[in-house]
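Take this structure, written in structure tokens, and hold onto it; I'll ask about it next.
As written, the chains take the letters A, B, C, D, E and F, and residue 1 is the first residue of each chain.
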Amino acid sequence: MNRPRPVEYADASGEVRAVFDDIKAERQIDDVNNFWKYLAGDAALLKRTWETQKAVLAPGALDRRVKEMIYLAVSATNGCSYGIACHTALARKAGMTDAMFGELMGVIGMANQTNRLADGFRLPIDEIFNE
Amino acid sequence: MNRPRPVEYADASGEVRAVFDDIKAERQIDDVNNFWKYLAGDAALLKRTWETQKAVLAPGALDRRVKEMIYLAVSATNGCSYGIACHTALARKAGMTDAMFGELMGVIGMANQTNRLADGFRLPIDEIFNE
Amino acid sequence: MNRPRPVEYADASGEVRAVFDDIKAERQIDDVNNFWKYLAGDAALLKRTWETQKAVLAPGALDRRVKEMIYLAVSATNGCSYGIACHTALARKAGMTDAMFGELMGVIGMANQTNRLADGFRLPIDEIFNE
Amino acid sequence: MNRPRPVEYADASGEVRAVFDDIKAERQIDDVNNFWKYLAGDAALLKRTWETQKAVLAPGALDRRVKEMIYLAVSATNGCSYGIACHTALARKAGMTDAMFGELMGVIGMANQTNRLADGFRLPIDEIFNE
Amino acid sequence: MNRPRPVEYADASGEVRAVFDDIKAERQIDDVNNFWKYLAGDAALLKRTWETQKAVLAPGALDRRVKEMIYLAVSATNGCSYGIACHTALARKAGMTDAMFGELMGVIGMANQTNRLADGFRLPIDEIFNE
Amino acid sequence: MNRPRPVEYADASGEVRAVFDDIKAERQIDDVNNFWKYLAGDAALLKRTWETQKAVLAPGALDRRVKEMIYLAVSATNGCSYGIACHTALARKAGMTDAMFGELMGVIGMANQTNRLADGFRLPIDEIFNE
């Protein structure tokens, strides 16, 4: 078996089902998405990853919509097609409008451009940024 | 000359000075940071980059603070030390608190983790994300 | 012709066939995988790349299984879908179990997370690491 | 304050001290390295990150030395200078010899080369890798 | 709507049509490629991106063919499948031969290899490179 | 010893000296740069890497200046400070002018921007690029 396989709820251990149940309750969905089904091949990895994601995305000083847009910015920068697809959907669900999406893409594109210019020009960091 | 050199205001052409003046007025600062001084070696590149950055970071559907945090998320994901230093400072100036910074780092770390898990597990994209 | 095309054995030059034969003998397979068929468009590139890969993956201080897992870790970090698919298969062939794969993914995910936190927090390197 | 600051043990809250104590006990060191001192600015992030790292790096199907070399492979691929410095030291501590380090670098270099060739040549994934 | 949608000419606003017309005239093509149709969801982003691309790719001290090969080198390094596909076609159109493509891939692969070796070995920059 | 150490000519084995001599003759320099001194810790890695680099950078369908600019484009995209410093110097030596450097940076910045936009917008590849 070369390619990892998903674990469906019906075939899952009790430990995996408990995580799946928590994801479904938290996100108010009927079935978990592929990310969780594949990670379920390693129950400890599944549990740790979900606990961290739940904590990280909970509203706090930043609201859920901003957090999902940051998640999308990282995913686009990494060129991760799954992360882009998943967190575009989650950001939409959290209220990201077409106008917000356009501006988000504008910032992502600009930051990727200037990051590489900064590296290419071998910029020394200004003293004021080290204070 | 192997290493690019910065262009200081006193030595700049009129075209470069006009851009420097606009940056200083827009950001209410006394001198431009190194990024602009180095790009000034190519006046057309300097002008284009500044015009785009000004447009991209202007408040719109997203406010300046959110935009700067997205900029920082991209810079950290790219491991660009200059971009991280610069946009941490700009995000602070736009009101990013310690708590926001901690949550931002939490999301950046998590997204980088799950992006690589998604790739490593060769996840097919769920149909619902393609709607 | 926009898209590169594979070179099949039947159409290959003697120089390319010699490399294909060596790959098939070394890996005990009936046909080479797409990576080699596409590189064969440039016979010098094909030969150099194969010679290096053969040397690098030969058992030495590290065994083949560990080397394939390292290869997979790099491929997942780069988000290279071909490298992930190929070296998951090669690592499996070299004895990677489900448990090893799960732990490998756990380390890859964690390292990608902490790398970006280290950059984002602008960490100075501890003196002890420079000894 | 533009640049994040480390939290020293003497200034740390009880929650942060408990994590620092656990790191010192687990790794048998007198003081934690900068990574943990900086993360301590967000106690929840510190605690989550340490708990995950402890679980991920614990010996299991893969031993600690292999795990540290994988960590180093990811860090080098990301160009993260802190991660490279830290996990070179930890891999050395776990028994990585000069010969292992040389072979590790050989695999990392090769994988980064072939990943980009695979992308550049637009390789279709062989059917056998999808089984 | 989770997935972004393209804007076709027939449905486009006057502002978007003007950009599409300019792209078609400049590149002497009958229809714009998907990149522009998707960006058209944000007319300001479309216009800015096209204006910059037109300026950047115009022949100057470097000719169009060299510029397209550099674009392809960046796209392969980023693992961006769209950028690779698009700029392979544009480089071909600008005269890139099979031999040039092979040598280009050779340099891209080598640079990606040595970049990660340089990082992994923690190389100090030679004084001569700072002059 | 946590940090890798350079191997100086005086302390090098015959195998390493032979490679150093070839580099010095080929590049017409009095001493090799740090990259080679550090790789010399693994003589086989040193020899393989140099042989490949010599072959890859030799003038062919592309001249040396173009190859060095492509090398620099990859290095800037990877944010590899050593690669950027070294190949800026080598490109200068091969005739890269200030104007070429400015245009090169313009293309690198633009490509990094549009790569991430292409990924973020989830672009399907146009049929024409697959021909």
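As a convention for this text, a residue touches a chain if its C-beta (ideal position, glycine included) is under 8 Å from a C-beta of that chain, and two chains touch if they have at least 3 such contacts.
Just so it is clear, the model here is predicted, and its values are computed rather than measured.
Chain pairs D-E and E-F differ in how many C-beta pairs they share in contact, with the greater number at E-F.
Here the repeat of B-F among D-F, C-D or A-F is D-F, since over half of its contact pairs match by residue number.
Annotation: 20 Å between the Cα-based centres of subunit C and subunit F.
Rounded to a whole number, the gap between the C-alpha centres of subunit B and subunit D is 26 angstrom. In whole angstrom, the spacing between the mean C-alpha positions of subunit B and subunit C is 33.
Of all residues in subunit B, those that touch two or more other chains are 1-4, 41, 44, 48-49, 52, 55, 77-81, 85, 88-89, 99, 102-103, 105-106, 108-110, 112-117, 119, 121-122, 128-130. Viewed as a contact network, the protein chains are fully connected, with every chain touching every other. In the complex of the two chains, the subunit E residues touching subunit F come out as 3-4, 33-35, 38-39, 41, 49, 52-53, 55-57, 60-62, 66-67, 69-71, 73-75, 77-78, 80-83, 85-89, 97, 99-100, 102-104, 106-119, 121-126, 128-130. For subunit D in complex with subunit A, the residues that touch the partner chain are 1-3, 44, 48, 52, 55, 128-131. Residues of subunit D that touch subunit F in their complex: 79, 85, 88-89, 92, 98-99, 101-103, 105-106, 109. In the complex of the two chains, the subunit C residues touching subunit B come out as 72, 76-77, 79, 81, 84-85, 88, 105, 108-110, 112-117, 119-122.
Per the touch definition, subunit D reaches subunit B in the complex via residues 1-4, 41-42, 44-45, 48-49, 78-80.
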